[in-house]
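What follows is chain A paired twice: with chain B in the first complex and chain C in the second.
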Partner chain A sequence: MTDIPGLPSRRSFLKASAAGMALSGLALPAAAQTKPAPVSLDDYSPEYLTADEWAFVMAATARLIPSEGDGPGALEARVPVFIDLQLAGDYGTADDWYMEGPHDANAEPARGWQTPLNPAQVYRQGIPAFNAWCEETYQAEFAALEPAQQDEALTALQKGEVGLPAEVRDFFTILLANTKEGYFADPQYGGNFEMQSWVYIGFPGARAAFREWPTRHNVKYPLGPVSISGERA
Partner chain B sequence: MKTFLRIIAGLAVLGVVALLAFIFVPVQRSAPATDLAADWQPEPGQGEYVMHASDCVACHTADGGENMAGGRAIASPMGTIWSTNITPDKDTGIGNWSYADFRGAMVDGVTPNGTHLYPAMPYENYRLMSEEDLRALYDYIMTEVPAVSNKVEETKLSFPFNLRFGIRAWNWLALTHEPGFTPTSSTEAETRGQYLVEGPGHCAACHSPRTAFMSQDGITASDENFLTGGVIDGWNAPALRGADSAPQQWSTEELALYLATGRNAHSAANGEMGLVVEHSLQHLTDEDNIAMAAFLKGIDGADVDLPDTIAAADHRSMAPAPADAAGEATAKMLTEASPDISLGARLYLDNCSACHFVTGKGAPEIFPELAHNALVTGSETKPLVSIILNGAEVPGTAKRPMTLRMQGYANRLSDDEVAELASFLRSAWGNDASAVTAADVAAVRAAGASH
Partner chain C sequence: MARQEKKKDVVIVGLGWTGSIAGIELCREGLEIVALERGHDQSTVPNFEYPQQIDELKYGVRLKMMQKPSQQTVTVRRNDGETALPYRSLGSFLPGNGVGGAGTHWNGLNWRPQPEELRLRSYVAENWGEEIIPEGMNLGDYPVSYDEMEPFFTHFEKVAGISGKAGNVNGEIREGGNPFEGWRSEDYPMPPTATTYDSSKFQEACLAAGYHPFPAPAGIASTAYTNPYGMQMGPCNFCGFCERYGCYQYSKSSPQTAILDALKMQPNFSYRTESEVLRVELAEDGKTATGVTYWDHKAGEEVFQPADIVILSSYQLNNVHLMLLSGLGEAYNPLTGMGTLGKNYAYQMNGGVSMFFKDENFNPFVGHGANGMCIDDFSVNQNDFGALGFIGGSYWRSGTFNGQPIRNMPLPKGTASWGAGWKEGIGEWYGHAMSIGSHGSHMSYANNHLDLDPTYKDKHGRPLMRMTFNWQDNDLRMNQYMKSQMEPLAASMNPDVMQSGFKGIGAQYDVRPYQTTHNTGGHIMSANPTEGAVNKFSQTWKAHNVFAMGAGNFVQNTQYNPTGLVGGLAYHTVHAIRTQYLSNPRPLV
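Presenting the complex of A and B:
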């Protein structure tokens, strides 16, 4: 009991009037969602990365998941934005990680994080070290190289042939992992723009409701994905 | 001409005298329906039980306030009514009230100084309570409720509702029924249920419609419109009679379980009904909740099968119900999950179907049915829209301690999307209710989570 019932309210009158005007029969198409287009990658102002670092991340992710061929590339999925935002946030600062050491650069990879640097610092120190190697090898920094040279340079980086300082030993591993994360993570983190990677691999996203489907063998699930914030594709 | 003026003057004087009499002549209290001996004593616990059955706490305890010390704001179209302190405190409560004073408030809506209570106090219904229960309740409040000194804010309604003598006229229209309970049910259980529903439970205060004068249109089972549904603050209190009503659609046991725990195989108690379960019904015996369910089931002549107990504590697997005939087409459409489905259906799959399922049947005692749910299809769309935007919570009870909580979707869905989704729900699985507009949603969103 929190009211005296019965009086027609002003709202119900307004509602009745509004109902009279409603175009109730016209259902919107299911995928219709109008969102302003985000700023282009060229005009993007990074939260963490410097201009040189941004140019490197753009160039490197574009080779790790290239735009040519099937499906969207890292740039279409706005992976560099994801990486910039992550490095600016508590991933970049290793906010809730145990960072006291000891750190042993020669430890097995399974032993976990073996550098006193946080991820943001690894990018900050790793990029110029790798660019210096590129200058030495190709007489140009990574972003200015031809795609074939970039692939070569990244392969060398991956194989540990670049001679990075021990503290940034895992730079390539982190860069590759962050690129995949930016490609496949929920769009709310800045990457996976318009859920392009989910559409590409047929992942239906954050719907969490497929009770009828485990028993429907050899039937393709037809509905496009939904993001955590409710975007549809 | 002179004669004419004299007549006019005479009528005017008469009118003034009548008005003064109307305002100042003391109000008569109704005589008790039964005379109890002066030394009559209630059974131990009887008064507290009557207090639970009458749900005094719901209005007379403020959020976070002392028990029954008043101060709860009760919104009304005329302004805020502040509930009073009914603890036995002599200065700020009712500690100085005699039993006759207490009875006058419960039965006639009049305080000891002759002031009329606003009918937010359901004395229209308490009027039907037995003399024994009234005495037991008085005894309980005076001897067992701790006195709390709490001066509550005075209710100040706008003109003309601030003129309390006007309620005297209102009472002539509203209190046409004699005090005391007149059973019309055939079995003992249904008679007990009828008493609880009509009297202390004051179900008609919400579930009966209101007359043009805002009095309850249907106070006892013999009234045609009794419990045929009402509207409170934009929420439907659904009809408890008629072929489509829950008591006719559910078994007596399911209905009793809903009363005792706020949940059953079909539904969950939201809004005001959730509070009624929390503060009142969960404290009643199984026998009484079954009795009320039986009365509601049989009110229009349906056969009543009485369960022995409700809400057994055993571990049971309760499989969700398959779609019924009316819901099959919608269930099939949602199962196929075609990209061409309407936006409303798509939003249901994206946001709702994980819990309420493509069948719209939900899961027993956890996720309410949306098919044929009075809250979904009600004339008022505010409750449905509010729950989509702000979520809902069904409090845990002694028999079902788990709190049921649904999150809100205000951040995930735009007004247009909520309108599409709500319109879909109101037309899916055989539901047949009007569409909801984005303007409806915007109004509920603007009102915020408190409504």
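Presenting the complex of A and C:
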């Protein structure tokens, strides 16, 4: 199943359908199919993100890991849910980090995280700042842009060309990192829905027992993944 | 006013490898011992149990086994002209937290230094003359020799349960081991672990090139094993979750698997967690310590713990910090060369080559932290420093470890970092790449040092420690030499794509990407009190009843992972305390 660039065919369909995965053509084992389907991304009530922020995260992650081609996209993997839950938790609030001042947000990047903001605040301030740039450049906010424009805008954001304030300079860096985390983390964190990302690349998840495998040279490991909670795919 | 606890014979600060070794060995002398641990308690069961431990996001990425910068951190600057800024979130290095310390989450690579590395200044002087030592390099000899240390290396390897193949037993070179290692009185306690596909390809290429491959010395059990304390290990199943994780099946060497359960059975030993030592208290004459003051997180109060002997066995950075705060020596001044605390902070100079084979399967999730084959053909004692223009060397290794997809997704250069190209790339290349790593020495320099930060404070109002550190040309030249030698070897393996990652001249220290948790020096050993903070027995020159153990003792860093030397030095120290100090407490040198 391929997407047609520019047409809101597949992504809208998936967003609208709670059963999107069962219909997307990927074979699922019986155990996974009998589990109740989670709330659709459109009906999901975010823990941290506002409605506008949620719309941005949906649109941005859908370009960072698009649905077209082999393997799940960020939306099929429910990456936006992962990001919302992470920002609502102790990652978002930087509980483990040293956040005492003084802060030098203009320090060169090699000096590490120096903004006074935590990751949740970087999303909160970064999204409207980036949307303002999109309005200025394309006369529409990011979520309303065509995919090709979204890719162009994200490229400009990644290259530091959208003039973000220093305090949110690392917005793209954490957005991309969090997107990949949600794609590959154990499903208990809300993303990597039904371990599709692990199935796609051939990572067996939490199996963690390969006693006879070190000496099986150049033989592809045959079993699909298991999750920490014991699901199989 | 601080609460006061009952006096003990010994107080141990930090219950990782060296604290556990001090505890169990000094218990045998009948001493009353208490260990104070800043972090939480943790044991294999329940803390490292399957499947909860097999969680890349929680432990590999959110780093929940590590010291939290909100608890304790450092500030970093690259030179004396920069303003140091806090290391706010973990990146470059990952100190541990809780019982077992960094010994719970390490990879298990357990090396001895080469004999030449412990007398490196003399070795250089004898072979090329002191004039090849670059200005600003504090090249030194350790005040202990390899021959003195050998029994202690051997003992630590038995306790820790190391798997490997000896290359030099009492001077006899053995086929299949490392012919360039220092002599061993015995072979390893266990045979090597199995060889994975990438390791065997590397091994073949090395043999074809005339090099001398051998299995990495691994703190990973290859068989069922019982150590001298009666602690048991089971053979590793290559689950792949070593670095940043606790081992769920008693296969990785750690204080938990090798010492702690035996130690906890001793009636004269106790330990208190969430007990963060704030300073060592010195007697009025400044020549001995009276004990330590710590913060009891559960009670929310300061506590004074009197003791006759104080063992500092926290992480290297934290040991130096405590010593600076407690006046256990003078802070090092790089301009005058005076002072010893914070001197010779060093790190590790690493690089590597990634190779992609589109039709071959490496199953990168099948492995362990110390997996693989190594060569020492480019190690410190094989390099002609005069001709090559640097002092140092590295060992090379290839073997799958950490093959988890958030952190380990090597892609050919030019692959998009997101979008359709990235998604296609991960599908095409995950499982089809292998790498060779160069793990290199790092010398000590006047420019790289530790002191107290003038601005930033911790929760207790103490100044954070300030790290002044940058890469130096000598080590960068060594790294570039390794690149020039490794690329042809990698090319001989005919990968579809290959790419190198070696820092070059001009590289600036970047605190963001993980590099290594081999932070060394800062309370170095020395033959006299003007050059270092402790003597050959890790006894502080300032106060004879304070011993500071760990990688802080390193005069300069070796080309190897530090734990083997740390463990050996810890046994050397406790042996001296038992046989020389207890009967007559005094400066031992």
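Just so we're on the same page, the second predicted complex is superposed on the first by the 195 of 233 C-alpha atoms of A that agree within 3 Å, B and C clash if a C-alpha of one lies under 4 Å from a C-alpha of the other, contacts with A are read in each partner's own complex, and residues count from 1 in each chain.
Throughout what follows, a contact is a pair of C-beta atoms (placed from the backbone, for glycine too) under 8 Å apart; a residue touches a chain by one contact, two chains touch by 3 or more.
These figures come from a predicted structure and were not determined experimentally.
Contacts of A:R211 after superposition: both chain B and chain C are touched.
Contacts of A:R232 after superposition: chain B is touched, whereas chain C is not reached. By the touch criterion stated above, A:Y221 is placed in contact with chain B and with chain C alike.
In the superposed three-chain model, the partner touching more residues of chain A is C, compared with the other of chain B and chain C. Shared-chain residue A:P36: touches no atom of chain B or chain C.
In the superposed model, A:A110 makes contact with chain C only, not with chain B.
In the superposition on chain A, the residues of chain A touched by chain B in one structure and by chain C in the other are 208-209, 211, 221, 230.
On the chain A side of its complex with chain B, the touching residues are 1-7, 9, 11-12, 14-15, 18-19, 21-22, 24, 27-32, 207-209, 211-212, 221-224, 226, 229-230, 232.
Touching chain A in their complex are the following residues of chain B: 55, 58-59, 72-78, 81, 118-120, 122, 205-206, 209-211, 214, 230-234, 237, 272, 335-346, 349-351, 353-354, 357-358, 380-381, 409, 411-413, 416-417, 420, 423, 434-435, 437, 439-440, 443. Remark: chain A residues 63-66, 68-71, 73, 91, 94-100, 102, 104, 107, 109-114, 151, 154, 158, 176, 179-181, 184-186, 189, 197-198, 200-206, 208-211, 213-215, 217-221, 228, 230 touch chain C in the complex. Note for the complex: chain C touches chain A at residues 50-52, 54-57, 61-63, 68-70, 73, 76, 83, 85-89, 91, 193-197, 200, 235, 237-241, 248, 360-361, 363, 365-367, 371, 403-406, 409, 417-420, 422-424, 426-427, 430-431, 455-457, 508-512.
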